[in-house]
Amino acid sequence: MPIQYYLFLSLALFCIGVMGALMRRNAIIIFMSIELMLNAVNLLLAAFSKMYNDSAAQIFVFFIMVVAAAEVAVGLAIIVMVYRKVHSVDVNILNRLKH
Amino acid sequence: MILVLLILIPLLAAKLTFFSKEAAKNVALLGSLLTLGLSVYAALNCGTENLAPFALNWMPAIGAQFSLAADGMAAMLCLLTGIIIPVVLLINRNKAIDNPGAYYALILYSQAGLMGVFLASDALLFYFFWELALIPVYFLCSRWGGERRIPVTFKFFVYTFVGSLMMLSALIYLSLQTNGVNAMSLQNIVAAGKALPMMQQHIIFVLLFLAFAIKMPIFPFHTWQPDAYEQSPTQVTIILSALMVKMGLYAVLRWLLPVVPEAMAYWSDTVMTLSIAGIVYASLIAMMQTNIKRLVAYSSIAHMGLMCAAAFSGTELSQQGLMVQMFNHGINITGMWVIVNMVENRYGTQDLKKMGGLANTAPGIAIALVIISFANIALPLTNGFIGEFMLFTGIFQSASHYHMVFMAVAGLGIILGAVYTLTMVQKVAYGENNSGVLAVAKMNAAEWTAVIVLIVFIIVLGVFPQPLIDLIGIR
Amino acid sequence: MDILQILFWLLTIMAIGCALGVVLSRNPVNSVIFLILTFFAISGHYLLLNAQFLAIVNIIVYAGAIMVLFLFVIMLMNLNADTEPQKSWLVQLAGVVSGGTLFLVIIAAISRANLLGVINTETSNIGLIKVLGQVLFKHYVLPFELSSVLFLSAMIGAIVIGKKDME
Amino acid sequence: MKAIIAATVLAILMMYAGFVVKEKKTILSIATLLLAVLLGVNIYELLTMQEGATIALFQYQLTITRFSVWFNMLMTAATLLYVLLMGNDIIKVGKHTGEYFALFFFILVGTYLLSSFNNMLIMFLGIEIISIPQYILAGSDKRNLKSSEASLKYLLMGAFSTGILLMGITLIYGATGEFNISKFSFLQMEYINPMVLTGVLFLIISYSFKISAAPMHFWTPDVYDGSPTPFTAFMATIGKTAAFIGFIRLFHTSFASISQSWTIVLAIITAATLFVGNITAVFQQSVKRMLAYSSIAQAGFMLFSVVSVSALSWQGLVIYGVAYTIATLGIFAVLLKLKDFTFDGFNGLAKKNPFLAGVTTIFIFSLAGIPLTAGFMAKFYMLQAAVRQGNLMWLVIFALLMAAVSAYYYFRVIIAMFFKTGEPEISELSGAQKFLLVLTALLVIVLGIAPQLLLPSGI
């Protein structure tokens, strides 16, 4: 299995994540798209790890998961806080409120 | 050590002035007189051991030194500064000023900046003082100026700030061409500039010239000037026109001519054309003016145009004449403003149409006005004559193909200058009194002192300019 | 085509399809479900790459913990309707175009890199818990400790942000 | 390393202090004390370190040099100054005072990591340790919707940029098989692997988010405007400088050898940042928002240190970071004393309170880069580094023009204070606050005259 395949796959997932983050208005979905981006990175790292026969990359993946978990904890708390105030998680509504 | 004191004393005097509330103007005057004494001492001792250069390591990492040195030109300009500031403080003594402590302190701060500019022989130090002279003036104009003072002085500030930033980039570039030890010192900068290839010289020239041209100001970079002169309090206008513009000329002579001589020669025709076009342009506008301050402002542009043209003509004589004229122009334009200030205070207006009849009501002022105007249009036996004569000869001798044209057009400018100056004298001093102010106050003691000091200089230097020429000859 | 390759393609199609589902589905709950499916597909890939530990952790941590948290929040907000507001089609188009261009540009740049090797199919033991544990605690003990700092600050954050102020 | 451990321990102590102590003033005193302790530890670490020494820890995951320790010390001192200047406003923000201070300690841990990482994993963790507390700080004023919105925006942008950062790291790993930043072997290759270039590009984009460089700056004004003002001050100064040290460390340690392939991109980003930051700052009516945009512009200047690859740029970054931090903290401390954050709020300040107007003038001068202030020397170092680079003269001149534009909006504050009339509402200044403001202003001037104080020999 050439490494290119994994490269293309994870870049595709990454770009889908980017698209999602740019397209959607729902803050939770944007956040999920970002998780998708992180997973694409994880997959690529695992593939490289196999290619170089180096377990450091897998450790890196492990740490990305750790950080993602921490970010999700904070992020969802923030989203819930915003939701409590405006009863919406629509980023466009937030932009409108500013003016 | 004298050189350090020349900067330090105005600074300390400014500090004292700031905190001495009611006595501020006297404290400031005292301080400025002390500085005057020092600058006279410096001028007399120029070239001797007493005026040895002073150097202190400052920022070795970037090759900057706190180094001061004075040759004849610097000593002469320090002397001019030393003379002008007390004169500035003498006029308007009866006028009530809001927050006098700050006002006079700022004047002294700008004096310190000016002294520093003339004495610095390190590029970074020079830049520091260049800005230090500007900022107090900015505050003076914006706080105590006329109605439109805020936008006008802001324009002035932004213009000069842009210019100085350009200069800064050029100086950094030059300093990086040296071997790094005292990279910012004048000698190193000059050596670095001379060694540059032509292309880089052009860039450096443009950057530096912009900064200095804005300061002088040279047509077409002059647009900030008439507004700023008009809106500033007259005392500040004197500092601007008699001293600050000299900074520009001085910088051309010290930091531009020797640094990029080849680019200088290449650009000289262009700059001379601009300057001489500026003379005619400014003179024509001056003829239309009905506001006395604007008239003098435009006349100042015309004079600066001539001086700048001479600076770029590249002849020895015009350089000498330029230095003489720098001093004389400083005296004359100060005289003009002093008179304008008196007239304005007495008539309560700047409008020429609403003046007249000064010869009858206050003959002292009228006589002073006539003498100073003669000096201003460079009549023989006044100090203006000797300087302008040297300038013209210098331009005539220049290697430029167009030196005849330059001569002719500049001469036209001078004739126009005589026209508007004499018209102004006629409108102010003679004719009918249109002001409605019948009892014009006579000059008070302080004003007398100021005017007499200036007139003495005008006549003495007109008849016997040799001391001045000797002084500027000292390397 | 051997079984590994068939599995690879199956998982790839599943991953990309479900990822598109995450981005495109109108109902947030569906998005979450799709995302969980994507994670399963990625875990399958991990298995193919001999990263057994990661495969398990991915399912436990991501699909199990994180996504449940997401689902929980969505349920809490009652966002399971299909009437999710959409950005205007122009913005959506811009998103698609920029994402697609990004993909194409990177692919174009990278596909010229010919020094990339082939992943050897023989099994290696770098992905085993034992090996990873040794690497982690021998070489990467500093990041391990630092991640505790990160968690601590995240914990504080959750408290500061999440707690209702009684005023 | 001692400082990293100490900061973590102190953070935990601070957290518990927040639980145990209820009186906010006491929490503030404890925080000040603990920060002073941390500063002491930093100084101790600096003093016990030999000149020219490089300490490699954990298989070269951290390389601590005197420079990094010195930088850490400066940042800790800046944080201490920040807490001293704005402590009374920090404790007014919300209920969880102890936690806020703990978060500052955590951010300092992240800063220490970014100044000495030698492995991209540590860099990643350092960035996250800096970022996550900042998301929280942005949203800490829970009564205010703008604060929550700022927090959400910051979080989404931050997480997005983290994704990009990771992709960059991964691509570089894929090309080199190495996470250790001093071991990348670009020079040995016959040509530069496109994967490396793409990775570097991703890293540039991601760092541009973190330091709010154009065109990835758009979150900055809203976030800085929405966040509670004391925390805006922190994020715009110490948070930003910390991200910069990571940026320069990564790019100058590992990518210096391929610099010709990325400096042009970064130079364009710098120009865009300067342009956007300065031009939009001109049109602001609120001083707080103006400072947000001007922080973008200042980031543009700080980017010079990354663009120009030389030993000078590290020094420039230290000077710029400190000069900018001090002056901005000072301005924010003054701003917090005013009720009205618009330019009109400053009208007539010189009459009403000449002291405040005086110190504000010094801070404004420093930000605008007027000589004799630290800000000027900072700009000077940056420009010198860029001029030395040789092919960046266009950028230098553009930057200078933009500096002139910046004078326009900075001087609006001065014009409002000195030349306009108004009745600004000012809250009372305590003696200690006056003293601190004077100290800060003096620091600005002293560093403007003798910037080498920030660069002692042997760091």
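The first chain written gets the first letter, and so on, giving A, B, C and D; residue counts start at 1 in each chain.
By definition in this document, a contact is a pair of C-beta atoms (placed from the backbone, for glycine too) under 8 Å apart; a residue touches a chain by one contact, two chains touch by 3 or more.
These figures come from a predicted structure and were not determined experimentally.
K.L.:
A-C versus B-D: which has more C-beta pairs touching?
P.N.:
A-C
K.L.:
When the centre of a chain is set as the mean of its C-alpha atoms, what distance in Å lies between subunit A and subunit B?
P.N.:
65
K.L.:
With chain centres taken as the means of their Cα atoms, state the distance from subunit B to subunit D in Å.
P.N.:
43
K.L.:
Could you work out how far the Cα centre of subunit B sits from that of subunit C, in whole Å?
P.N.:
Averaging C-alpha atoms per chain gives centres 71 Å apart.
K.L.:
For subunit A and subunit C, what's the span in angstrom between their mean Cα positions?
P.N.:
7
K.L.:
Spell out, as numbers or ranges, the residues of subunit D touching 2 or more other chains.
P.N.:
121, 125, 128, 132, 135-136, 139, 142, 151, 171, 174
K.L.:
Can you pull out the residues of subunit C that are in contact with at least two other chains?
P.N.:
Residues 106, 110, 116, 139-140, 143, 147, 150, 153-154, 157, 161.
K.L.:
In graph terms, nodes being chains and edges touches, is this line, ring, star, complete or other?
P.N.:
other
K.L.:
Between which chains does touch occur?
P.N.:
Pairwise, the chains that meet the contact rule are A-C, A-D, B-D, C-D.
K.L.:
Can you check the complex and tell me which residues of subunit A touch subunit C?
P.N.:
Against subunit C, subunit A makes touches at 1-9, 11-13, 15-20, 22-26, 28-29, 31-33, 35-36, 39, 42-43, 46-47, 49-51, 53-56, 58-59, 61-63, 65-74, 76-81, 83, 89-90, 92.
K.L.:
Under the stated contact criterion, what part of subunit A meets subunit D in this complex?
P.N.:
Those residues of subunit A that touch subunit D are 3, 7, 14, 17-18, 21, 27, 30-31, 34, 37-38, 40-41, 44-45, 48, 51-52, 54, 56-57, 59-60, 63-64, 67, 70-71, 74-75, 78-79, 81-82, 85-86, 91, 94, 97-98.
K.L.:
If we count contacts the way the header does, which residues on subunit D are in touch with subunit B in the complex?
P.N.:
Those in contact with subunit B are residues 315, 365, 370-372, 380-381, 383-384, 387-388, 393, 396-397, 400-401, 403-404, 407-408, 411, 415, 418-419, 450-452, 455.
K.L.:
If you look only at subunit D, which of its residues touch subunit A in the complex?
P.N.:
121, 124-125, 128, 132, 135-136, 139, 142, 145-146, 148-149, 151-153, 155-156, 159-160, 162-164, 166-167, 169-171, 173-174, 177, 179, 222
K.L.:
State the interface residues of subunit B toward subunit D in the complex, per the touch definition above.
P.N.:
58-62, 124, 127-128, 131-132, 135, 139, 142-143, 149-150, 154, 157-158, 161-162, 165-166, 168-169, 172-173, 175-176, 203, 207
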